[in-house]
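Consider the two complexes below, in which chain A is the common component and chain B and chain C are the respective partners.
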Partner chain A sequence: MSPEGLAFAPVLLPLLGAAIVFLAKAFFRGRGAVIVEYTGVFTGLYLPWLALIFLFPVVINGSAVTGVIGHWNSGVGISYRFDGLAWMVNVLGYTLGGAAWLHSLSSGPKGPSFSAIFLIQTAALGATIMTADLFNLFVSLEVLGISSYILVSSSEKPGAALASFSYLMVSSTAMVFFLLGLFGLYRITGSLSYEGIAAGLGHLDGNALATAVISLSLLVGAIAIRVAVMPLYGWLPDAHALAPHAVSAVLSGVLIKTPLFALSRILILFPIGKEAGQLMSYAGAATALLAVIIALSQKDVKRLLAYHSISQIGYIVCTWGAAVAVGIGTKAGTLLMAAAFLHALFHAVFKGLLFLSIGSSVDAAGERDVYKLRGAVSILKRSGDKAAIAFFGFLVGALSISAIPPFNGFTSKTAMTYLLKYYGQYGSVLYWILTIAGAGTAASFIKLSRIYWPDKEKISTVFPERTDSGPVLPGVIAIIFLSVLCILGGIFTPLIFKTVTALLSGKSLTMGDGYSFFSTGNLLKSLYTAGAGALVFLLATGNAGSALLKKVRERPRSFQGLFVSYALAAAAMAGWLLYHAAP
Partner chain B sequence: MMVMIERLLLFLLFLLGFWGILAKQNIIKKIISLNLINSAVVILFVLEGSRIGNKAPILEEGIAGIVDPIPQALMLTAIVIGVCVTALSLALAYRLYKAAGTFNIEDIRKEVSRK
Partner chain C sequence: MKKSAVGSVFALLLISAVVLPVFLSSYQWPGTARDHLELKGVEESGATNLVSAIYLGYRAYDTLGETIVLLVAVTGTIGILKKAGAVIEDRHSFALPGEMRRANYMRTHLLEAVTSKLGPIVLLFGFYVMLYGHLSPGGGFQGGVVVASGIVFLALGSSGNASSALIRQDILGRIEAVAFLMLLILSISGIFTGEGFLDNPLKHYSSLPAAFIIVLNIIIGLKVGAGIGVMCIIMLGKE
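Up next, the complex of A and B:
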């Protein structure tokens, strides 16, 4: 098959799979339905790997498969671009999507409806990252959104419907603003494809420039909601905490990052895109630190993990924004972008692992409060997970996110902080903010690990027997698979980093002469950060610490706050850009 | 002059919807308001697309002065997406009503956190 045809496989195969799964729902009963459903899922989630393998030699040297869908004229049809970035985001999506679906066989929700929506969401991910047309991006983001609202509400908990509703309202409203921004750009450039917009933006006078700036702010604001950068994070904790575990893993691991990387395609079109990246970078650093403080205060285990997703996406946005600010085409930009992607990939793996293993543990125990649940290891063993694989999965994930060598979070975090300090504006400030956030991360995972400590004080009551009788094996396989990836990712980081830079720019780059991921300095830094984390944990469990954290946990949150923060963030972005665009 | 009045009316419609989403406590009213701002943007697109000409956009020899067809095509898609979002949000509203017995968002929040 030609590369043009293969490039669409990551979008079309999941859609085909979803159609097959719906057939299972409509026409088959019993065993036949299961076989047809699994065939559909195999087509949609695992077969695209073949296409990705064949596409690797096409994109590795920096070239891309581009064109217009259906061979229409470029002004009318939808342009697409499948390049190294699209390839990598697809790899990220299919790695975690495959593992999460496998885990859903153990932890639920089961059934063809869930599988079909899951597949449609995967297709929308592929479409979001390979589109080169602004309106098509709008459609992809909407499909992505709608499928994730449904998946969040597929949990039986009553809070899940409310979380899904809040997410829907704020995200749909933001997408209307996105449409307004799209309208502004269409009016001044007469085009919707990225190429056409870039060409039209070349010659603008004062009035049109202001329109361009405001339109861009609306687009960035709408995407920033999906990425959950501070102050636009309010919808995420509920949605991610209350969704089924497999969905939480995909939402946190893949869904919040894809729009971010799609946004970098838009920002490079604008002369003022660099300033937008700079502001996003600062917002990212603030997100990383603030979210980890809130995370430390949580008592629901999955909500704690959800706040960590915000914090980790803060790291990624900070580095990504710095890459946009120095220019994606430059060497520094490529290195920063590669580090941002590396952390996005590694975060997807370890956060997915954490959600799945913690999910298995709290399901077995029937209790989610980190202050009440103890002795989860023996509970796991009793529930059928004989070797307590979920506990070891948690251990690997927690060591990864706390940046302990040789796990993968260690290398990506050191790469990001090193490069930010070296190339970023106010880099050393960002370096310290992220390092302090790292100590907070270690502290909150020490706190979270208490659910596995032996139940000496008999805090845990007698837990109900496991209610849903899904087989344990698929979930265990998913956890082992992701754990192995965490360790391999850490050990082979130099090789992966080189490949990522090659996919981004066509040339493989290294971090710099004499830089080693596992240098003594980096190892010592990791040790200090973990030590500081232990200290923070002790402070946080003290009387003053707990009182303060209780205040943070019970701060007022409202539906209106989501919208007010959106308006403020878009206005701040427009103000910042107008200030920098003024001659 | 006419142009400005049309734009002003659309802006008012948009503000009305945004106010409804923010200030109304009833989730059905919030959903209606979401439809309002969506419609305001749809009308804006169609209105601005019709400014250029006044003929139907059929690309044949000898036809000139057509309206810009792209905004219309886009808005068809946007309307379809709007319908999907509305349907889904109404389904969620139904589930929330079944769980909490009310459409008031603050009461639902209290009810849900109590459970």
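Up next, the complex of A and C:
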């Protein structure tokens, strides 16, 4: 098969799978329906790996599969670009998607409608990252959005429908401004493809330049909402906390990062894109720190995890922005971008693992309050998870996110902070902000781990029997799979890092001559951070600490506030860019 | 309350100030894409209706995406409807005492007579809009919605006994599933015939250059009609 046909496989196979699942729903009953449904899921979630394997040699040397869909003239058709970045994001999506769907067999929701929409979401991820056309990016983001609203609302939890609705409102509002930005760029360049826009931007006069800058800030603002960068994060905690566990894992692990990496394709078109990246980088650092404070204050276990997703995406945005700011094509840019992607990949694995293992535990217990639930290990054993695999999964995930060696979070966080300090603007400030956020993360996971502590004080409520009688095995397999990936990812980081840089730039780079992730300095730093985390945990459980955190937890939140912050953020971005664009 | 109002007004003003320069720009419209469509559009795509040429020719991939948006929206709505169920509090009805029934108490004989006569005509019109989309304004989406209205008319006029298989949920669900599969197979088939994804695979088999657009219009129309139709029928509630 031609590389072009293969490049579309990660988008088309899940769609084909979804079509097969719809057939199962419409034509079959009972056992037959299940067999056809699983065939569809296999086609959509696992078969694309074959295409990705065949595509690897095509993209590894930095080349890409490009063209116009349907072979039309590039001025009017839709351009696409399947390169190393697209390949990597697909790997991210299919790794987590496959594991999460498997877990959904245990934890629900079940049924062909769920599987079909899950597949469509996966397809939209592939489409978002490989498009090279602004309007097509809009369509991809819409498909991505609508499938996630539906998936969030498919949960049985009270409030899920409302969370999904608020997610929908916020996203749709953002997409209106995305469309306005798109219009602005089309208005002055007459083109929708990235190549055409870049060519059109080459010869503009002052007036049109302002339009271009404002359009760009509208696009960036809209994507920043999807990525949940501060201050545009308000929709995420509810949506991610109330969604079914498998969906939470994918939303946190993959969905919030894909638009970010797609955005880097747009930013490199603009001479002013570097400045936009710089501002995003600062916002990312602020996000990492603020979100971890809010996370520390949470009661609900999944809400706590959701705020950690915001915090971790802050790390990624910070590094990613620094990469854009120094120029993606340069060596420093490649290294920073590789570190950002490394953390995106590792975060997907360990956060997915955390959502799935915590999800299994709280389902077994029927209680989600971190202050009320204790002794979850014995509850897990009673519920059918005889070896308490979910507990060990949580342990691996928590150690990873807290950057304890040799787990994967340690190496990716080390890479990000080291490179930021070395290459980033105000790098040492960013380094310290991220390090402090790291201590907060450790504190927060010490707090979360209390749900597994033995129930000495007998504060646990009486737990209901497991009502959802899904088989335990698929969930356990998913958890083991992701746990193994966490450990392997940490150990093989140098190799993975090299591959990522090769996929990004065509040349494999290392962190620096003689640099070792597991050097004494890095190990000691990890120890200090964990120690600081324990200290923060003790402070937070004290009287003054818990009073403060209660205030943080109960701060007012509203859709209106979110809209105000969107307006502020878009205006700030436009002002910042206009200031830097001024001759 | 007051504070939030001030915030909203401030946000609206701020965002308008940001957006305004985009609209006020006096920069001359670049016309390359427009000129290309005007000069070459009909020749390249075979569709006299350039809108069809764009959405099923040049940018058919976007249309595939939008079809999926609709599919997911309909599936999600049906899921939520089935979970929530229909509760209608208002018992007001135009029905006369003799024709009032327990279910569907708002229907009257007049409504049934009119909708059952109009239904087939609306269906026919829907298929016309669908089939002639490449020549005149219309196409799969528009035709599909008209077909869905025809289906709703048939359902309203059925007076309890299913007079047409077209108003059965399972049948509509099957039409929708098959149409979606057909749409994907058609989009992909170009890859295997050597044309490429979403390139016209019928190029060598049909003397009609717009054949691919016509087929896509029909399939999209069937899918949209069945999808929206089944959603409306579920909203109408059980007989």
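A few points about this structure:
The working rule: the second predicted complex is superposed on the first by the 583 of 583 C-alpha atoms of A that agree within 3 Å, B and C clash if a C-alpha of one lies under 4 Å from a C-alpha of the other, contacts with A are read in each partner's own complex, and residues count from 1 in each chain.
We adopt the following convention: a contact is a pair of C-beta atoms (placed from the backbone, for glycine too) under 8 Å apart; a residue touches a chain by one contact, two chains touch by 3 or more.
As the structure is a prediction and not an experimental result, all values here were calculated from the model.
After overlaying the two complexes on the shared chain, residue contacts for A:Leu180 are found with chain B and with chain C alike.
Of the two partner chains, chain B and chain C are each touched by A:Ile150. By the touch criterion defined above, A:Pro158 reaches chain B but does not reach chain C. Residue by residue along chain A, chain B and chain C are tallied for touches, and C comes out ahead. Within the superposed three-chain model, A:Leu527 lies out of touch with both chain B and chain C [touch as defined at top].
Of the two partner chains placed around the shared chain by superposition, neither chain B nor chain C is touched by A:Leu535. Contacts of A:Phe135 after superposition: both chain B and chain C are touched. In the superposition on chain A, A:Ala571 contacts chain C only, with no contact to chain B.
Of the two partner chains placed around the shared chain by superposition, chain C is the only one that A:Thr211 touches, whereas chain B remains out of contact. Contacts of A:Trp72 after superposition: chain C is touched, whereas chain B is not reached. Chain A residues in contact with chain B (one complex) as well as with chain C (other complex) are 76, 135, 139, 142, 146, 149-150, 153, 161, 180, 183, 187, 560, 563-564.
Note for the complex: chain C touches chain A at residues 4, 7-8, 10-12, 14-15, 17-19, 21-22, 25-27, 29-33, 36-37, 40, 44, 54, 57-62, 65-66, 68-69, 71-73, 75-76, 78-80, 170, 173-174, 176-178, 180-181, 184, 187-188, 190-192, 195-200. Residue ranges of chain A in contact with chain C, taken from their complex: 1-2, 4-5, 8, 12, 15-16, 18-20, 22-23, 25-27, 67, 69-73, 75-78, 113, 116-117, 120, 123-124, 127, 135-136, 139-140, 142-143, 146-147, 149-150, 153-154, 161, 177, 180-181, 183-184, 187-191, 200, 204-205, 207-208, 210-211, 214-215, 217-218, 558, 560-561, 563-564, 566-568, 570-571, 574.
Of all residues in chain A, only 76, 135, 138-139, 142, 146, 149-150, 153, 158-159, 161-162, 164-165, 168-169, 172-173, 176, 179-180, 183, 186-187, 192, 559-560, 563-564 touch chain B in the complex they form.
Across the complex, chain B meets chain A through its residues 18, 21-23, 27, 30, 34, 37-38, 41, 44-45, 48, 70-71, 74, 77-78, 81, 84-85, 88-89, 92-93, 95-96, 99-100, 105, 108-109, 111-113, 115.
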